[in-house]
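Report on the structure given below.
Order of writing sets the labels: A, B, C, D, E and F. Residues in every chain begin at 1.
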Amino acid sequence: MKKFISSRASGLEKAQWILMGLPLDSTVSRQPGSSKGPQVIRDESWSLETFSFCLEKDLENIGFVDIGDLVLQCRPVDVALDVIYKVAKHFFKKGKKVLSFGGEHLVSYGVIKAAAEINPGLCVVHLDAHADLRDTYHGEKFTHATVMRRVAEECLDTPQSLFQFGIRSGTSEEYEWARKHTRLFAGNDILPAFEKTISKLKDKPIYISLDIDVFDPSVAPGTGTPEPGGISNYMELFRFIKKMEHLNVIGMDIVEVSPLLDINNITSVLAAKIARDALLLWGVEKVV
Amino acid sequence: MKKFISSRASGLEKAQWILMGLPLDSTVSRQPGSSKGPQVIRDESWSLETFSFCLEKDLENIGFVDIGDLVLQCRPVDVALDVIYKVAKHFFKKGKKVLSFGGEHLVSYGVIKAAAEINPGLCVVHLDAHADLRDTYHGEKFTHATVMRRVAEECLDTPQSLFQFGIRSGTSEEYEWARKHTRLFAGNDILPAFEKTISKLKDKPIYISLDIDVFDPSVAPGTGTPEPGGISNYMELFRFIKKMEHLNVIGMDIVEVSPLLDINNITSVLAAKIARDALLLWGVEKVV
Amino acid sequence: MKKFISSRASGLEKAQWILMGLPLDSTVSRQPGSSKGPQVIRDESWSLETFSFCLEKDLENIGFVDIGDLVLQCRPVDVALDVIYKVAKHFFKKGKKVLSFGGEHLVSYGVIKAAAEINPGLCVVHLDAHADLRDTYHGEKFTHATVMRRVAEECLDTPQSLFQFGIRSGTSEEYEWARKHTRLFAGNDILPAFEKTISKLKDKPIYISLDIDVFDPSVAPGTGTPEPGGISNYMELFRFIKKMEHLNVIGMDIVEVSPLLDINNITSVLAAKIARDALLLWGVEKVV
Amino acid sequence: MKKFISSRASGLEKAQWILMGLPLDSTVSRQPGSSKGPQVIRDESWSLETFSFCLEKDLENIGFVDIGDLVLQCRPVDVALDVIYKVAKHFFKKGKKVLSFGGEHLVSYGVIKAAAEINPGLCVVHLDAHADLRDTYHGEKFTHATVMRRVAEECLDTPQSLFQFGIRSGTSEEYEWARKHTRLFAGNDILPAFEKTISKLKDKPIYISLDIDVFDPSVAPGTGTPEPGGISNYMELFRFIKKMEHLNVIGMDIVEVSPLLDINNITSVLAAKIARDALLLWGVEKVV
Amino acid sequence: MKKFISSRASGLEKAQWILMGLPLDSTVSRQPGSSKGPQVIRDESWSLETFSFCLEKDLENIGFVDIGDLVLQCRPVDVALDVIYKVAKHFFKKGKKVLSFGGEHLVSYGVIKAAAEINPGLCVVHLDAHADLRDTYHGEKFTHATVMRRVAEECLDTPQSLFQFGIRSGTSEEYEWARKHTRLFAGNDILPAFEKTISKLKDKPIYISLDIDVFDPSVAPGTGTPEPGGISNYMELFRFIKKMEHLNVIGMDIVEVSPLLDINNITSVLAAKIARDALLLWGVEKVV
Amino acid sequence: MKKFISSRASGLEKAQWILMGLPLDSTVSRQPGSSKGPQVIRDESWSLETFSFCLEKDLENIGFVDIGDLVLQCRPVDVALDVIYKVAKHFFKKGKKVLSFGGEHLVSYGVIKAAAEINPGLCVVHLDAHADLRDTYHGEKFTHATVMRRVAEECLDTPQSLFQFGIRSGTSEEYEWARKHTRLFAGNDILPAFEKTISKLKDKPIYISLDIDVFDPSVAPGTGTPEPGGISNYMELFRFIKKMEHLNVIGMDIVEVSPLLDINNITSVLAAKIARDALLLWGVEKVV
């Protein structure tokens, strides 16, 4: 299996960031395929350079190891979530940061649960087209459509620690629940929304959960439930995460990339670039 | 056949809005396929929610019925247009509003003819990449390239009642004719253009004819004649139609969606979202 | 072979602009297919009108001849470049201007070498996602990844005559080299960057080399190495080239369109529209 | 949801055959997408005629009802299998026959378990490229790669009641197990193989489980794990099932159709034709 | 527009065969796109050689002219059929033979009507998956589903002059009508069927109408209504038409190729090869 | 880079077979993309089992090492061919056998030249749709269309050592040259042709060069120049190579697989299966 560009072949102990793939795809609604996301994102990372013109940093100088995909295939959802949780917790305990590629959005639950246990007061920055705040979906508690409700209720100190950006779709119940409990910033202008609230994130451990459908379908067509009206250009997201450069980001996931539904893998390239820039932003650069 | 999300199974008499599919595709120039538009737009409407975060309204509370597709297949163009005209007139007469999915743009002629006969002083808001103002095309009077000329000349009180936005393609003859006769606002900045002219639409019955290629091909690739330089994000269009929220919109069509030419049906999802928001904007909400 | 829309069938002698296809595709890195670019761009030019609403000019009034594709197939790269160079020089010598369709970016070397020999003091406006400034690539001097380094070193009076816009990818070595030697304006806001430097282009002969991946992958998915974060709409590019309307543009190329990787040929339509507007901007209009 | 062509709108009580969709897709190995199979097979059934030239019978005269898809989405695999089992048993108990569309091959387990409980001595005719006889797969007992092992061990009186045709792929362990326990006829010449063993099926209740990848990938490209060397033409399969016309076939499934991986839905049309002909072969024709 | 490989640029008067495109696509049922057939078949003819190993003849020695496409776009069906009829008659009158590329199958009516008027006693060899013998379709008399009924009733001396091969789909009414009136040979073994009846074609003028869906969808996926169970390899068709080498074939059409629905244009290449071999079989070879 | 299934991670010295990728794609005529062949064939090998039901052998017991791709990218054709030649010769000298994945057919020249120098009296079994016997192509001596002419003239003792099967396309000049010099067996019935000539291959070292387009386009659509009328099923080829099981096969290549042009990678899976079975046929099985 091809690793993410510039991943160290060894040195897991010293690595500051751990990259892993979470190819779970069992609760999809419209179109399947996100289990293929992690591998294609890695493959496409090789069409990028390791150096960023915007950040003037090089991934070659960042200590991270891509440990490959967790084996989630054929496993019941509860078992799969438990595997994710345990692996993530193992690394968070050692003080490492974790970057994951989904898979469907449900995988975030496993990672965030681990992150919150190790990092008291964890805040989640949730970028998505959909609120993912249903209580149940098709009668189930753990699905891609309920994942942030579970995170808000079970993982975080308070749903107020869930900061939602880019959201433009949900039921009226989700909308009401969000207004009462979470910090939801609807619409596609994520930057001004962020500026209003960023002070609340200072001095807190932060986990970023990014569903690729927060982008407009033109920019990220390769996803299961494209929703018109999202972020129109990678630079808008870049400016958003750049604002958090000096905050305490301890983990991130990029989920719902479905290569089968894409054109020329542009959605996977996009995910790879986000991952590269995240590692550059929050990885410690070694002097060469 | 799957109906549009949230369509009532019955209650045609009470419904305020009628939704119908007009799968005509007989005069195409570059690529065929718009006859498949109505069904795929309906299918994809199910990937949306019935509730809108922007409008804070729910389609479940709007009275509309999707009556399915008119049978236009294999029919000569003049017969097909006459079928459309008669069905539309039947509903307009009863005081209903009509939302149609094309099919090629020519279908608008049938609906607008009916609309104008029932609603004196009808104004047409035409959103399109192409002027559609040729006098003839391949020697024919009734084609997708001549449809707005026919509308302007035969259906409306005056070509001045034709308001054209987003137009960025046409022959020099069409350009000259538009400058003399219609209200053409060229270019892709549709919102400032609209603000200049909206006062002229007050107190008038309004019909909106939206060719999906008014969007940039990145946003709406699934269409027969994509023209670079259009609207770059659904929110731009939303703000445009939101301006008309309190005007007297009595009908609308969304045409030229060609699912065969699309990627992951993003063009059909876009059309479905426009339709949902149109019903929310101009449908009367019942108190539940 | 279908010619570009509105190309004269004869009159090569009198034509001011020569259009030619350069279907070279031998040094690709991620995905092949640009050798098919010239023909599909021509085919799709027929879905445009000859008239531009923005420029109020008609291609029917511009004197240009599409001479078809040079025979580069199966030829060694050095031979192919030499063929391109000789043909281009032949036309530049006669005072004509040359518009080329790639093929891979390496083809620009042949044309620019000829252009610079005939036009002392030539400046190159380079629009691209990638710097293309490596010294060697896989050990080779002449590749799509080294082409602008070769142009800067071998064709121009000084690397300072190379003006680079839209660049957002490269190695740290390329970045350093650019900062020392060329005029590189990184990022996707090309218009303000251009305004800062346009005075330096006055009274100089100018050649424009446009790699289609300067656009965001949403707008131009059909290319070999899509890089997120580029120009989001054709109108942004149009305003950029419109700024040069009255400058002395003596040649242009549009390269790296790969129809095999595209959706509904939207990248080829985009390239065709750029070409049409370039001919309208810098072609002399005859009074009809 | 569109029903299979010619399905009765009502009359479940009187219907001899029940058709149902089983959109489970949770244990895939190479490529996902079979959850979309049932709906696209139904949609494409409408491109067929109800009458068969080969059988001189018309589906309009066959009593069957398409009850739509079972709700398996988001459910754990064991729950999903239990749902399938209970619904199937409900119908088998009433003396009905059941035709199912997968979904992944694992769904067959639920139906066959029910069929075997109601029909003692049940024989399974298994058409597939793969033996599906592993004991475990990724540590799990219930997957698409172990389903026939489970059927042989848990549902049937003896593994000797499992007749396997078209099989051309498996591990050496599966091969050994099959040679010892089941009746495996390897290779793509299914008709002569069948003739050798058909006498053993006389007077037995028979269930047919058909994985679409028993066909060569040229004929059925739209499936998760295409294996070269299969049945080359629908007529070969037709002659095979025609041999069983007068046998006691009490149920059938057609699984592993993945529309996302297909071209022009030819695999779904194939599955629809098999289903139509199965209903014609084993449905009682009413005199009209 | 690119002409068929080896077509003479001039010499229409002397040419024995006329090739023309008939891009009509107005009465489709399942999927559109056959209007693009003629051009793509021509384009792909250039991937073949002009020489045939099986026939040991070279197209360079055959006198034929490709006159391009008739202008049928935007025209009402009756007008389009009349155009086809008149052009075909013009050539038949001069003693020429006509090879046409559809477009939908309805185009055959125009050509056959002309052929039959000039060639008394004309027999039609009809290769197709579908009988095309409905009396009406969606209430219309002239459609792709009724075309051979119209040919049998209106163009030929007797329906007995219609020889149908490869047919495997139709309504029970079509089946009954065919058994009473035409010579229908159902099933995919076209060669033995042909041998039984070839004697009846001796000394008669023969027109061949080939719907590409007579092939199995694996071989010809790019067509509107693929029907499993057809001819599995081009060589089977070649042997069939080779049997007619010394018969009096005066015209042929190849219809229903839909490039939009195809993979790598293999259906268009197939059509081009049939056309090449038809010209080699029934064209007079000049001694070079 | 993913290796071929079951490739040893080490043990190059002891390995009997060497597998290598030759991603050259510089002289294509119709469509590019074969440079992506080696990697996708390897990826898809993992969807096969290591065990063969037909041969009752397991790849786990065969000693071979996949050394990855040679670096041919951006290199001039003559340099690339020299690299291939030298690497192949290195291995042949050590008594190893070489299995290569193209890339375009020209790569075979480098390997065969090396093979013939080490193995006097080498015979080449050439499976292809095209004769590849032109003397020059676009003026060049070394291209995919001339490669077997070069092999026959420069590498082999005599052109009579070139045995060509499945050939069905070529110019009249190629046909004449083949009839005079090589052993060409035209047509798609490769097995009877082979039986006639197999005695001439006994006791000779044999190299097999297989262009994937020897198969019918239905079976192998993913190739640059599909030619209708080829081998219809993998089993036909399997029986052909099985005939050579006990002959002295010292090398093989599988070329012209173009993943970009394929559907669901079925052409790559086919190539992988041929490679697996070749290793099983001619690799020495170790007792486990």
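Assorted remarks:
Heads up, the rule we're going with is that a contact is a pair of C-beta atoms (placed from the backbone, for glycine too) under 8 Å apart; a residue touches a chain by one contact, two chains touch by 3 or more.
As the structure is a computational prediction, the values presented were derived from the model and not from experiment.
Chains making contact with chain A as well as with chain E: B, C, D, F.
Each step here moves to a touching chain, and the least such steps from chain C to chain F number 1. Of all residue numbers seen at the chain B-chain C contact, under half occur in both copies; the interface is built from largely non-matching residues.
The rotation relating chain D to chain E, fitted on Cα atoms, comes to 120°, given as a multiple of 5. Note on E-F: across the candidates B-D, D-E or C-F, the interface recurring with over half of the contact pairs conserved by residue number is D-E. When the interfaces A-B and B-D are ranked by C-beta pairs in contact, the top one is A-B. Spacing of chain A relative to chain F, judged by their CA centroids, is 44 angstrom.
Averaging C-alpha coordinates per chain places the centre of chain D 38 Å away from that of chain F. Per-chain CA centroids place chain C at a distance of 56 Å from chain D.
Multi-chain contact residues of chain B (touching two or more other chains): 29, 31, 216, 218, 232, 261, 263. Which chains touch which is summed up as A-B, A-C, A-D, A-F, B-C, B-D, B-E, C-E, C-F, D-E, D-F, E-F. By the touch rule above, chain A contacts chain B in their complex via residues 29-31, 167-172, 175, 186-188, 216-218, 221-223, 225-229, 232, 261-263. Residue ranges of chain F in contact with chain D, taken from their complex: 46-51, 53-54, 56, 58, 216, 218-219, 232-235, 238, 263-266, 269-270, 273.
Those residues of chain E that touch chain C in the complex are listed here as 1-2. Listed in rising order, the residues of chain E touching chain B in the complex are 25-29, 31-33, 35-36, 71, 73-78, 137-140, 143, 260-261.
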